[in-house]
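First subunit A sits with subunit B, and in the next complex the same chain sits with subunit C.
Right after this comes the complex of A and B.
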């Protein structure tokens, strides 16, 4: 087992009038190489959860195990762990600080002790991944870039650490549709070709339906549903009750299905849906 | 980062909580004057028991009270030690090489310490029970008479309100940036002081950038809503003194007068 969360509870500011129970008794596990979707409404505890996975937050009670080692035992080197399980925060464009894009992207690997040739190679890899030309961008100031470019630099800064797992906290927030589609496709490739475990936090069902192999659904600090997207989307009422919903396509397919047509409902891309509807119509006629 | 609680207001519903902020500010001023008029230990005892009673009525946890005292603990300690060692006069109690502790030193040392502790206690009690926004409103009102002399009361209050409003926001932001850099392997916890200071750069640069960005956005938002200072501005919550406030004001004034007249 890669990541194991056992009975995790997290309370912010305990013992004050401002106490908040962010997570209550959450247990889950993630296998190496999986693509996980963590979904929930704003304030449902999903961001709190992912910050536990690389030791940025300490559980109030419960345990996190990484490859059979307790994360909060004294033996764990947290800084090393954080380069293996990388976390990209929401609006990462606000974390840039260096004089040049190169230095900013190099910050992560440099903290791991990478220098010289390899460092340059990693920065090159990171920038190429986010499709920023190395020569044009590496010597520019990150503060002179546009919002979208800054976010890509931040993403490059995470990838240059060559992480085994990458946690993305609402990475597509306020992205335009084209960049979003593009970004999701790249993530998919990173997962499939780079064999990177991806943990994708979002409240956008459309984002996650196509990509995730398994979903964890959170509501008010509890893990309420888990399973494959197609299974989860069967519980439309539960999802709507906790402020989420199901993807438009799934909704459509389910509605057609309820009209008595034989049609698959576990379809998440427009192309597949098109094909399936045509197929089902032909069958109906024939 | 979390331990830095500025403006540590604790919501509640006690008499002190419900009082008008202007009255609380004036009362605080009167009580501070009283503290400096007091000349005897008996005076401090009476004053102290008054504050103690008020504190009990607020039902605030003791923890917060001591937390409020913590920052001045060192100053109190230094005052005490300096007086013990360097104020001379009266009987000599302890002689240790060239250093002596004398009667006047002990007397003055404990006297000053008590005054300091009571001063801080009273102030902490008021700040614990008054929301920062109410405070700023109170200050704006109290500065009104000085407008003729060119004191921009409204602007001062607005600056205070904005500053206070953004403390939690910036702390949250700082916390987030700190975590984001830690996720990239930044180290804020080890090394000597110079190393640590240098390691703060990845935290401070984005924090400043974001503070300026926020300031800019706020200025635009205020201008978009035609903000033009205090002239003719009405307020959402009009401050209103109630009987409770007059009783409070009378009580503290009575205390001051009593102290002056009896000379305790």
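Right after this comes the complex of A and C.
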């Protein structure tokens, strides 16, 4: 198993009047190569969870195991771990700080001791994944870029570490629809062709339904549901009770189904919905 | 006939960059918004939506052209207070808009600045918190509210000043589904019940479906404008403008192409269900 979370509990500011139980007794497994979606309303513990996966937060109780090793045992090299399991924060464009795009993207690998030609190769690799031309961008100041370009530079800075897993915490907030679509397509390609494990935290049910192989659903610091999107999004009432919802097309298909039509409801794309409605009609007639 | 509240004539705005070059954000734009209208403003990043929003309450002044709010020109400095009392702004990040240590003090902030009397302030706090559904939280610390509650608090702070118009710049971008619904319900009820004019900037195409009129911005200009049924019926290539048609009208269009009889202008799930099941 790649990542194992065992009975994880995290309490912020314990023993003070401000004590918050952010996570309570959470256990879950993530296999290498999976595309995981993490959903739940604000304050449900999603971000607290993912910050445990690369050792940014230490459990109050419970354990995190990475490839059979306890993360908080003395022999873990945390810096190295954070390049293997890399986290892209929300609004990462605010985290750029170097004079040039090259230096910013090179920061992670340089910290790992990479230099010279290999460093350049990694910067090229990172920029290539986010579709920013090396010659055009590498010597520019990150601060002269547009918001969308800055976000891509931040992503390139993660990829230049050749991570085995990337954790994305609401990466598409306030992107316009086309930029969002491009970004999601790049993540998908990274997962499929780059064989990178992806852990994707989001409020967007439509997007995650199409992308994730497995979902973890959080409410009030507990893991309340886990499974494939097709299973999870059948539980409309449960999801609405914890402040979430289901994709609009799944909702449509479920409503048609409730009117007595024989129709699949595990539908997340317009193309599939169209095909299934046509199929159901033909069969209904024949 | 409804009166014109926002009147923009040939408005142009440039930003001056570090290297002294100028970047045109809004180009020769004209628009009239009627009192009580609900406008959704959509467009890709960098199309000029937020600049337009800031021009509406005189945070920015046009390089060329003229904007009048309820007859007051934004260019005239003495008019700016009158304009800002009429046009309230709500921004994307709820955490950047909170100034006080309790919910009611936060609502009071703007009123105190306007020099409103204490008894009147108290009355308006009660009224505003009621309208956004936060009465029970009057004594609470704002930072302990959820994202949706914080945005509703920001709206309460603005409506306490009794504006004629609300300009909201991606008010739901950072919220979870429940928070989004709370904020959208609040904005719509302000519009319907109080006849407050709304200019709502969003990247969520579904939110634009609920508007009276959708304005599509592209490179600082109005690329398209009309009722949601017209904007999202497939006749405009929204993808080319950095946008997309929401799933329900897109599916309706695709089913029509397959030969199903579905009227144009379907935007809503329940409407599509009833056509498919009739």
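Criterion: the second predicted complex is superposed on the first by the 286 of 286 C-alpha atoms of A that agree within 3 Å, B and C clash if a C-alpha of one lies under 4 Å from a C-alpha of the other, contacts with A are read in each partner's own complex, and residues count from 1 in each chain.
Here is the rule we use: a residue touches a chain if its C-beta (ideal position, glycine included) is under 8 Å from a C-beta of that chain, and two chains touch if they have at least 3 such contacts.
Here the structure is a predicted model, which is why all the values come from computation and not from measurement.
Contacts of A:205 after superposition on the shared chain: subunit C is touched, whereas subunit B is not.
When both complexes are overlaid on chain A, the residue A:157 reaches subunit B alone and has no touch with subunit C. By the document's definition of touching, neither partner reaches A:219: not subunit B, not subunit C. When the two structures are aligned on the shared chain, A:274 is found in touch with subunit C, with no touch to subunit B.
In the superposition on chain A, contact of A:175 is made with subunit C only, not with subunit B. Of the two partner chains, neither subunit B nor subunit C is touched by A:196.
Once chain A of one complex is fitted onto chain A of the other, the partner contacts of A:145 are absent, as it touches neither subunit B nor subunit C.
Contacts of A:255 after superposition on the shared chain: subunit C is touched, whereas subunit B is not. Of the two partner chains placed by the overlay, only subunit C lies in contact with A:245; subunit B stays clear of it. Judged by the number of subunit A residues each one touches, C leads among subunit B and subunit C. The contact surfaces that subunit B and subunit C form on subunit A in the two complexes do not overlap at any residue.
Those residues of subunit A that touch subunit C in the shared complex are 40-43, 144, 146-148, 173-181, 203, 205-206, 243-245, 247-249, 251-252, 255-256, 259-261, 270-271, 273-274, 277-278, 281.
The touching residues of subunit A, counted against subunit B in their complex, run 13, 17, 51, 54, 56, 79, 82-83, 86-89, 92, 94-98, 107-108, 111-112, 143, 157-158, 161. Partner subunit A is touched in their complex by these residues of subunit C: 18, 43-46, 92, 146-148, 170, 173-180, 203, 205-206, 239, 242-244, 246-248, 250-251, 254-255, 258, 260, 269-270, 272-273, 276-277. Note for the complex: subunit B touches subunit A at residues 2, 10-11, 173, 176-177, 179-187, 201-202, 205-206, 209-210.
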